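Structure first, commentary second.
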């Protein structure tokens, strides 16, 4: 099971967990990126995510292909949401599963780090004072 | 939020995710250990987990204390189930959350690795041929 | 050849557009395209060596462009 | 002093009990307790240096025991 998508609806952790589940797996992991209430000392009210959708999907798929060759028989599902998200809403969820824990955890780490470096998604933070700013660095 | 427990009821990933959630967190992780259908080439029908309950709880708490001092402001909830579990049922769930992804992921890894080494829990696999065997090595 | 160049996030803001069209000689490279884009909006916040994607894959500045290529200038990414 | 020693998993199977009671001299160490346990069931599968917990914490073989201590012999753990 390998699937990557850019979506504009709320993400559902339980669905992604179920999607990678299988009785050959002994370890399942989840990474959930959420909108937090401060950044650089400023009070955040929400984050607007935008993507170069077509390339982002392809680049995520490339990352999964790389993970598949590094971590044989791993299952991975990743969804990144775009649009304006409120505090605590999930912007990205990565689910991995494998017979053993080390490849499941290594694949999780690999996908999140590569995603942060390579996938063309941008965010503009909305602050409680009404201002907005593009965020250049990943957090 | 730091909590560790040995329990004899089914584990609920969504509840543990919700328990560590907070709007100061940008990253949440989950590790789910599940019963898989083979081990060492033998067909497994279930696993019976037992624990030295009182010490296991204390040892888990020690691991969380260590994680708290290594990964400042991390939230962690861990539950390990005992009893006889069927295929795909969760034996352990670790949820972590932090403002940033690196400490959330590092804490997840730390807790799962220390748990495997130190927490007094044992498992006896039940095979589809009706035999049972204590499992010495972790998987 | 005519090339459409997609712009996103800060680059789109800087150019006031999400897409611009350039006329470049056949055989132009990614590096030459970047020079042409910068010449067109000299005061915009486009760095000398931005990330460029051609047909949904990152491309080096020496890559040769062809008519019909989907070119995009990629600001520093910040997903997750 | 009387000491109750908890047994689990393979050790419980080997001894046919989840708990045994030993009579040891005051000031006995964890190592001396292990020797006494092994002498009591010489053919049981208890290694020379098993993990031992005293009052819910792993203890070294030199640790001195006291009346009332909760002692447990810990087979190789396999949780998760």
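To keep things simple, chains are lettered A, B, C and D as they appear, and every chain counts its residues starting from 1.
Please note the rule applied: a contact is a pair of C-beta atoms (placed from the backbone, for glycine too) under 8 Å apart; a residue touches a chain by one contact, two chains touch by 3 or more.
What you are looking at is a predicted structure, and each value in this text was computed from that prediction instead of being measured.
In terms of the stated touch criterion, chain A and chain C have no partners in common. In terms of their C-alpha centroids, the spacing between chain B and chain D amounts to 26 Å.
Measuring from the averaged C-alpha position of chain B to that of chain C gives a distance of 48 Å. Between the CA-based centres of chain C and chain D the separation comes to 71 Å, rounded to the whole angstrom. Under the contact definition stated at the top, the residues of chain D that touch 2 or more other chains are 80.
For chain A, the set of residues that touch two or more other chains comprises 33, 101, 112. Pairs of chains meeting the touch criterion: A-B, A-C, B-D.
Of all the residues in chain D, the ones that touch chain B in their complex are 6, 8-10, 13, 53, 56-58, 72, 74-80. By the touch criterion given at the top, residues 33, 49-52, 54-56, 58-59, 80, 91-92, 112, 115-124, 134-138 of chain A touch chain C in their complex. Contacts from chain B toward chain A in the complex involve residues 13-14, 17, 21-38, 87-88, 99-101, 105, 108-109, 112, 139.
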